[in-house]
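Naming follows writing order (A, B, C and D), and every chain is counted from residue 1.
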Amino acid sequence: MSALGQRLRLGAPAALVPLGAVAVAAAVGAGVMLAAGVNPLLGYEAMFRGALSVSNIDFAVAGFTAILAMSLAFAIPARMGEYNLGGDGQLVAGGIAAAAVALYVPGPAALLLPLCVVAGMLAGGTLASVSAPLSTRAGVPVIISTLLLSTPAVALTSYLVRFPMAQEGSPVPQTPRLPDAAHLPAFPGMSYTNAGLVLVLAVLLVTVYVDARTPVGYEVRVAGANRGFAAYGGLSVPRLTLGTLAAAGAVAGLAGAVIVMSQPFRFIDDALTAPGYTFAGVAAALLAGGRPALLPVTAALFTILSVGSAGMERDVDVPRQLGQVLQAVVILVLALRVLATRWIAARARRAAGGRA
Amino acid sequence: MTGSTAVGSAAGGAPPAAELRGITKRFGPVLAVDGVDLALERGTVHAVVGENGAGKSTLMSVLYGLHRPDAGQVLRDGREVRLGSPLDAIAAGLGMVHQHFRLFGSLTVAENVVYRAEPARFGVLDRRAAQERVAELSARIGLDVDPTARVDTLPLGVRQRVEILKALHRRAEVLILDEPTAVLTPGEVDSLFVVVRRMAEQGTTVALVTHKVREVLEVTDRVTVLRDGVVTARLTTAQTTAGEIVEAMIGRGLVPAVNPRGAVRGDPVLEVDGLRMPAAPGASRVQDVSLRVSAGEVVGIAGVSGNGQRELVEAVVGLRRPESGGVRLHGRDLAGLGVRERRRLGIAYVPEDRQGMGTAASLSVADNLALGHHRTPPIGRRGRLSPRALRAQAAELVRRLGVKTAGVAVPVSSLSGGNAQKVVLARELHHEAPLLVVEQPTQGVDVGAGEEIHRLLLDVRSRGGAVLLVSYEITELRALADRVLVMLDGAVTAELDAAEATEEVLGAAMVQAGRAGSPAGSASGGGER
Amino acid sequence: DSDSGGGDGGDSAGSIIVITPNPVGGNNFLSLAIEGAERVAEERGLELEVYESTDPTSIQQNVEAAVREQPDIVIGLTFSLQDAFATVPVDNPDQQFLLVDGCPDPQPDNVTCAAFREHEATYLAGVEAGLLTETGRIGVVAALDTPFIRRWVDPFLAGAQSVNPAATSTPLFVGGDNPFGDPARGGAQAQVLADGGADQVLLAASGSNVGAFEVAAAGGFQAYGVDVNECASAPGQVVDNVTKNVDVALAESVTAILDGDTGGSQVYGLAEDGVGLTAFEDDVADSGCLIADRPDVIEQLEQIRQEIIDGTITVDDPAAG
Amino acid sequence: MDVLNLAFVAAVLTSAAPVLYAALGGALCGRAGVFNIALEGQLLWGAFTAVAVSWWSGNPWLGVLAAVAATAVFSLVLAVGAVAFRADPIIVAVGMNLLALGLTGFVMREALGATGTFAPAGLPGLPDLDVLDGVPVLGPVLGRATVLVPLALVLAVVLSLWLARTSIGLRLRGVGEHPEAATSLGVPVTRYQMATVVVAGALCGLGGAQLSLGTVTAFTENMTAGRGWVAVAAVMLAVSRPLWVLGACLLFGAAEAWGFRLQGIGLPQQLTDAAPYLVTLVVLVLSRIRVRRRLRAADPVAAESAAHPETALHPEEPR
């Protein structure tokens, strides 16, 4: 069997799984809407309109940018079997750092824009990096240390934005509006769709490339498959852990920077975490499985579900929590992936005809 | 020691203790076992042998209720039994000891023995009764086991006794041993066989799966040979020869690979000087070990497992940092260098633990073959990795070493043990590193494949490579090594030339200071804490 | 297409859209505002829609969605909409906007503002607490430590100390993962105050209040509600409420705008009867509040209220920076 | 002990109880070899069911029963998904947490007609242990708590003894430590694990009921507010040992209660918010670092994978 043929045959059912998950979720959602006395067609139409109509696409793109970034923040360490659930903390760390640079460092846009972005990425990356030695030296699982570090990080930024960095006289906990030089340039005619999208897409491309076409990507996969094998092969698991977590945190920090450098151009407490970008990103990454190139598709889906559900609530009065329910169902139906994987493995073995 | 008193087959007419009739088992498209008949006469020891993947484990799993056969019957004392699960098998008086022990490390010996068949009052465990039961059973077959010891503090040989006690506690009359000796030291093997013979004398029927023809000859009464899922021979041990058994197993005679010796020895490649490492829980100490391996030389390390060999090897390849002492490669001090640097300088390494270390089971054959070569051309070039070159190189290696696989894209988990081992060897031999460190290269590998692997190692020697070979098998060391060093409690206690290294001398050197089977406290890191 | 789906069907009756910064559920202030909107909508025969936001991005989105529906007035609730109301109205000069409880700076011409001086009423509640406390310890449970929420914290102590200089106050903030909806934490903090001897406690923690009222009901302390009459939340244990007549303010402002009085900024303090205490209401006797039994205190409060209105007493606004 | 200290103990117990139930459930799962980070969702599910059924039936005990039953049923998702189908337990749990959050909010709105908070007058809550009034020590400590609070403490002890001393406990420990070994002795591993997950769900149901009918009498959207995640941390801290879980939960409860008191003397709320998490993390690091060092000395290669959540759930070092 040719390698290509094999890949096609093995790949097809794998790609069908996410579609299946979405279909089942759509059916469940329709059932829920019927139970709530809403025509599911109208409900879904409202949901899509809420996200994708010309008038709403601008916001949807903002959501997509953030969710895509957060899905990368989860997916990168997941390649080596580490789960980063501390996205919220890394997101706000990036946001507050970018805001601080914008507010306290004078300079022209040409200087300030990259500086803010880099500051955000550094802050997010640094926070996430803390979990690497905690894991490789102290044996605290990344999934738990990222989570435990997130709450204090959110609390700390919350403190900063309420007191030292607060806008004078504002009753809302927020920083002053960032200077114009720190506003990400928006696409013509848009206000939320800005250079942030380009940055995140660039990061995506780099990730896909590194994953598939560089020794580092290979090493990360090896470490994810078997730590003992990686150590035996001379790979530095601590360094890979640090690298993937730093990269993940940097992407989350980038998302935070992009959010504060977009409308309304300030760090508002809660604004970064309340929309739930982190878990939407986790869900998108899980849906994409180990294929970074699928992330834009799954992130778009979860953007529609989360941004669109607000439109659905506005237009047909279905509680927006339905969006969460649908996301959950998509993730749960992914359990099917296991069945599909088994099926694929069985076919592979059949093809092998295995005899030693 | 061998107790070769032939126990005659059961009186005519009495049904076999256990019998398999026409057993067929498929895994998907793989026909693992194909219409096999096997009769185990009461009170006999019955060998089941065959190549890797011949279907031995599958057949035994059917007998133990782990697999349900697609066709065929299982009979106990002449009556058909339906074995839906191991529970049914246990109820029918069957017991099984797996190659990889299935023990709970954190539990005590007594808890392991009575697990799932506990003496209890109102659901509350009766620990006293459990311990007494263990004491009673071990006395019966002449074993010495402390019922209150945590299992993970015990040497492998003792752990295996616990496995046997488990079966006896369940009143097993038919005991299946799947490759019981693969991880045992020679001394441990001897004492196992004493126990096996004693059990047979007491009426227990034993089915023994093994790759070692010598063991077959030493301890069994009957032999069944499997090949590709069918029986190719049924033999009576007393009337057969090693050659006959091997012929039936692999379809040809075996020409053992043997070191031609005497070839020119080159410059020293590996020099180890005064290496020391402290003992730690779970790790043995290494005491002042010095050794030298020259180009074109195979140096064997003999010894009972757990006497510091693993620690020594890990210090050489860079996985473990010595407390003091030096390691030099071609005269260059390797202190402070990690695995990667050492590999680059020319150390290849075939580890003992091929599942935990030597391969990543879920990754493809190609990915497994690339590790360590992924940053050098043709695969890696200026920070980039060429998936095409990676696949091409893998295909080439698979072809060259004759790895049986459906392709380089399938996961290593779909390969048989022998073929997985070849993948490891292929990768490590590929770059013709000046130094090859090999541990237990043929463990669990069938004789045919084992012979091929031996040839590959000797090829390394003949092209001028240096080989450091750690093995627990004396025959392997005698076949391959130019010199043999014996390790005991972390120290090199003897150095023998190939000519001097007879089985008797080596065996004696390996167990000098202590009784085999409990290789000093070092194996378990000082016993209980 | 959203025009056709807009649903005003071309009839002469207009419409208003209210945008909240958070989900309304459990938020007394927002529910009361919606009540006011419902009332005025009925009076004027308007169609009413409510868009609930969940976060700043959705606020912006809701404001723009509302503008597309072209209602008579787009009504925003609270300061959180201030940023959106600073920009969107400039791009939509023909649309009238009303911001309740906040005001953008600079204020576009087509934005009308209605703001409250709740700190004045909080100060009065503090006076009440200062007079009634037996332990000399008072407390506040609030959702978060933000300048805005401090309006229910600092003046409470200031008021108490004005009549009882020895009074000490402990403010506790719920915080955590869900500050506006974690009744267990709210309750735990109320219990801390009760254990610490506080006997007069203002509860300004939105959805987290539920737990705190339970502590009051169990006799932990006497409580003060905010925004609406909450005396039924812990019968016999609630002294009074800092009320904010946002319904009145909203209805008045809508009426004014519909009548052509647009722009400008109306401030609702004690003087305008926009904020107050349940104690000052005519039906205080039926309010279920403890203060109903203390006409002496009410009298004293009336007097201080007048002094605040007169400017004899000035109450610091913690949100003013 | 003076009154204030007893009140402090009471506060710690009350805030620890729901977390303790969830963490005991998580610990059981850990011992059975199932990684359960769905505790947050399970707790929320229990809290909601308890309030809804208590409201409809007028009987809080029915609410508790319903919470136990409903959460047990909910946890079948994990049991079937992660145990029977062998799907990644983390993926399943992320889905369950999201589902619980969305569905409770959705149903609260559609069926109870409330958004945000549901605490109607007359919602029946669980009674306090008034009988203890006047009893020294016990009175001030438990008098204002429901019977579910002392029950949680008792359960921690009972579960610990049960695991150590009973046949089933022994089998469960074996199932978690070495499933193949348990299978080969005829223990139906999958069934044991599924049953454990369901029992853990029932425990979370109790925890949820204590939260929404005991600690307070109300349901608010996302009212668990991270308590389930704290329970996950407690399980790791305790490496699945019930008595240690008890200690970890009390530690967390104490850190939180101290936080409130420190806030009372002027520390910023945001910093006291962070304290319990940082304390947990520090204790976690200190407790694991020794194990880690031992592992590394024994086997530097195997130690590489020792930071994995699955291995961190077992009291025993991996072999």
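Just so we're on the same page, a residue touches a chain if its C-beta (ideal position, glycine included) is under 8 Å from a C-beta of that chain, and two chains touch if they have at least 3 such contacts.
Just so it is clear, the model here is predicted, and its values are computed rather than measured.
Student: Please report the minimal path length, in steps, between chain B and chain C on the chain touch graph.
Tutor: 2
Student: Counting only C-beta pairs in contact, which pair of chains has the most of them?
Tutor: If you count contacting C-beta pairs, the leading pair is A-D.
Student: Please tell me the distance, in whole Å, between the geometric centres of chain A and chain D computed from their C-alpha atoms.
Tutor: Those two chain centres are 28 Å apart.
Student: With chain centres defined as C-alpha means, what is the inter-centre distance between chain C and chain D in Å?
Tutor: 37
Student: Taking each chain's centre as its mean C-alpha position, how far apart are chain B and chain D in Å?
Tutor: 43
Student: Indicate the residues of chain D shared as contacts by at least two other chains.
Tutor: If we look for residues of chain D contacting two or more partner chains, we find 109, 115, 226, 268, 270, 273, 295, 300-302.
Student: Could you list the positions in chain A whose residues touch two or more of the other chains?
Tutor: As it turns out, chain A has residues touching two or more other chains at 151, 155, 162, 226, 228, 230-232.
Student: What are the residues of chain B that contact at least two other chains?
Tutor: 319, 356-357
Student: Which chains touch which?
Tutor: The list of touching pairs comes to A-B, A-C, A-D, B-D, C-D.
Student: Within the complex, which stretch of chain A touches chain D?
Tutor: Residues of chain A touching chain D: 32, 35-36, 81, 83, 134-145, 147-149, 151-152, 155-156, 158-159, 162-163, 226-228, 230-232, 237, 279, 282-283, 286, 319, 321-332, 334-335, 337-339.
Student: So in the complex, the part of chain A that touches chain C is made up of which residues?
Tutor: Residues of chain A touching chain C: 49, 53, 55-56, 59, 62-63, 151, 155, 162, 166, 168-173, 192, 263-264, 266, 268-271, 274-275, 307, 310-311, 313-315, 320.
Student: In the complex of these two chains, what residues of chain C are touching chain D?
Tutor: By the definition above, chain C touches chain D via 23-27, 144-145, 170, 172-173, 175-178, 181-189, 191-193, 195-196, 207-208, 210-211, 214, 218, 232.
Student: Could you list, by residue number, the parts of chain B that touch chain A in their complex?
Tutor: 27-30, 51-53, 228, 318-319, 338-343, 349, 351, 353, 356-363, 367, 370-372, 374-375, 380, 383-387, 391, 404-407, 409-411, 414-419, 446, 449
Student: Which of the residues in chain B end up touching chain D in this complex?
Tutor: So the residues of chain B in touch with chain D come to 64, 66, 85-90, 96, 98, 102-107, 111, 115-118, 120, 123-125, 152, 166, 280-283, 314, 319-320, 356-357, 525.
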